[in-house]
């Protein structure tokens, strides 16, 4: 089996999807999760710019300028979709109507806090909908590379500005699945072929390791797709 | 000319309608104002249960159970009407989008405060939308009989619970038009055939009387209507 | 496609003592079959949150008549003398809330907001016991969000995914209540296939609706 | 029936230094002809309130490119390097607001509410200088309402009374901005006779729209 880090992460995150729930996928890596919805699971994906039940990009020439995702790319809509204004969109997000959001991360710390919107000294982008998503979604799954340029992204304490005070639910990386708990960061799973020692070495924060750490399961690749 | 007190009040209030504005008419006497919209004036009437641009009751057999006014009576809708939910309805009301509301009154005092929702000791009905309307409409016109059972309804200080702290815009009664101002209640107009002395005698609060008080103009009766 | 339940089953989902949002304005936009099923089940001790209690024999009025209700949160009960009488007799507790504040408190409950800052009610009996916040020299009441165990909705159309569309003044409290309860049960005048209600016409997504009541046979 | 104006006339209604809400999300749902007319007029010193500044050459990005803007209130400027560069150069002041808070502050401005109590931003840089209100042991930021001198809207359809209907994700900030400005100017892809947009499909009433921009010839 050959797959890159992003695909691995997306296929592991896909197993967190609960049937008949509303899910928001952040821009970038999290978007990939939509490709690996497990068989038998039906979720509605929300895009914070105002649609629930969107579909992938339509064939060339069938794009509608009034129908895009939160990254501004053309999308389609599934039968039964709902379009709505921005206040309603964030009523859904802040009001706890999302079972899960999947977001990228710059850092996660030992307390389970996430930083993903700003690096002081670098060009400022803005938080967009990230702060609302982290506060409002019932479960916040962070999908990110375990390290950036050799530097651990899982750290004892955030050195970047936090996105929210709230403790996130799960971190899925190319090396491990880690769950922030009351006692600290719990190492739940390791990526195929990766040892616990390798994970510990690549992690800046202390982790709880209880017994044998199983290999992470991943969602099957969709039919017709390579891999 | 023969007309009853309610018609007189309604026809005087109708002259307060501004072209191309949004107006809410309370249940009861204020509803009559819609009959006397002056020629050349176009207003949109809002009903707080969720419609803008409604029309009078449709002919027998053409009522729709999903289309009623705030009193629960069947109405029709004009072309170009808008229907909306209760939160939006009160966003319009509270947000200052109504040029005017016309409400009935139990008491108005020398400070221009209105009481119209509750008489202690009597059966409690509830404020419904009245408190929001008095706070939110740009102009609040109170349409009421000058006295009730011989007792003045315009009083030095409210003895009934106020509907809002705000000073209302105008009081139109079967005897007079009175404007609450910084200096006090200003007697602006007297009803046809009514003397200033009669008004003073029927009014519990002090009024400002400046020079000659003109007779109140009233909107014409619609064509085909008696009067 | 999802499976509708009948009104009798729906009524069992509303336990005695539950808080229940019932949409409607003087009965218009109220799910009458759900209300009748609650009466038939003999529900007791409900806290009903709604604009009003309609009239005896209509909408929420049926619940009042049948003794299902211990407490009412509403903007107006003047159209229902039974509610008034039971309030005076101490059988029903009535909390009166200005109509715009009621709508906004329910919206806040569904939107995850901490409360509502409204100018409505300042200087009146509606301010009793409320926290007053001064902002830029103006006073506002801090009104708490409202949520309920169950919301009972009425739609004009529902599709097989339970997307809902409302009609004219029967819309009223339905869309805001759909977000503000742990369990959302809807009844519709018509049920249509998915896609018949286009995305811009859907007012409440089926993802928010837990149960749809099957049409009467 | 009402009379539409052309985009050039509309641009004159937006004085230099005005605060302007511009609807849209990365340019989708932004009134491009109005934006272009503002650029053509050489508008200066505008405070622009919108979700983002799109990209150079698109939507609000055109106003940024042309030097019309002194201040931006937005949730995100990461898609527009010109905005970022001008911010660093001190030519444009940028106030970043979480997207849901931005939508809700605009809604509060239009709905007459004193502010927004949101859990979003507590414990982050978004809380700097904000009043924190504790309710039932939870903390909320008190965010002030937002209003503007002018709102520029884009609709899919307008009728001759200026009722507006939006389409799919081009809806975004349009309906809330329609209530939150002293002067509301809309442009539409299509103009239809009154009655073509049924009451339940209208999203912004023509009574709230001061000016409609005529279709290009």
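By written order: A, B, C and D. Residues from 1 in each chain.
Please note the rule applied: a contact is a pair of C-beta atoms (placed from the backbone, for glycine too) under 8 Å apart; a residue touches a chain by one contact, two chains touch by 3 or more.
Predicted model, so just to flag it, every value in this text is computed and none were measured.
Peer 1: By the contact definition above, name the pair with the higher C-beta contact count: A-D or A-C.
Peer 2: A-D is joined by more C-beta pairs in contact.
Peer 1: On a C-alpha centroid basis, what's the spacing between chain B and chain C, in Å?
Peer 2: Inter-chain centre distance comes to 30 Å.
Peer 1: For chain A versus chain B, what separation do you get between their C-alpha means, in angstrom?
Peer 2: Their C-alpha centroids are separated by 56 Å.
Peer 1: What is the distance in Å between the mean C-alpha positions of chain A and chain C?
Peer 2: That gives a centre separation of 35 Å.
Peer 1: Which parts of chain A, given as residue numbers and ranges, touch two or more other chains?
Peer 2: Where chain A meets two or more other chains at a single residue, that happens at 51, 77, 83, 90, 93-94, 135-136.
Peer 1: When you check chain D against every other chain, which residues touch at least two of them?
Peer 2: If we look for residues of chain D contacting two or more partner chains, we find 104, 107, 111-113, 118-119, 166-168, 171, 199-200.
Peer 1: What's the complete list of touching chain pairs for this entry?
Peer 2: Applying the touch criterion to every chain pair yields A-C, A-D, B-C, B-D, C-D.
Peer 1: Quick check on the complex: what are the chain B residues that touch chain C?
Peer 2: Residues of chain B touching chain C: 47-51, 64-72, 77, 83-87, 89-90, 93-94, 118, 123-132, 135-136, 161-165.
Peer 1: Over in the complex, which chain C residues touch chain B? Could you list them?
Peer 2: Residues 25-29, 51-52, 74-79, 81, 84, 87-88, 94, 96, 98-104, 106-107, 118-126, 156, 166-176, 203 of chain C touch chain B in their complex.
Peer 1: Using the touch rule from the top, collect the residues of chain D that touch chain B in their complex.
Peer 2: It is residues 107, 109-113, 159, 161, 163, 179, 194-195, 199-200, 202, 205-208 of chain D that touch chain B.
Peer 1: Under the definition above, what is the set of chain C residues touching chain D in their complex?
Peer 2: 104, 108, 111-119, 133, 135, 138, 140, 142, 144, 165-168, 171, 199-201
Peer 1: Report the residues of chain A in contact with chain C in the complex, numbered from low to high.
Peer 2: 20-22, 44, 51-53, 77, 79-83, 90-97, 135-136
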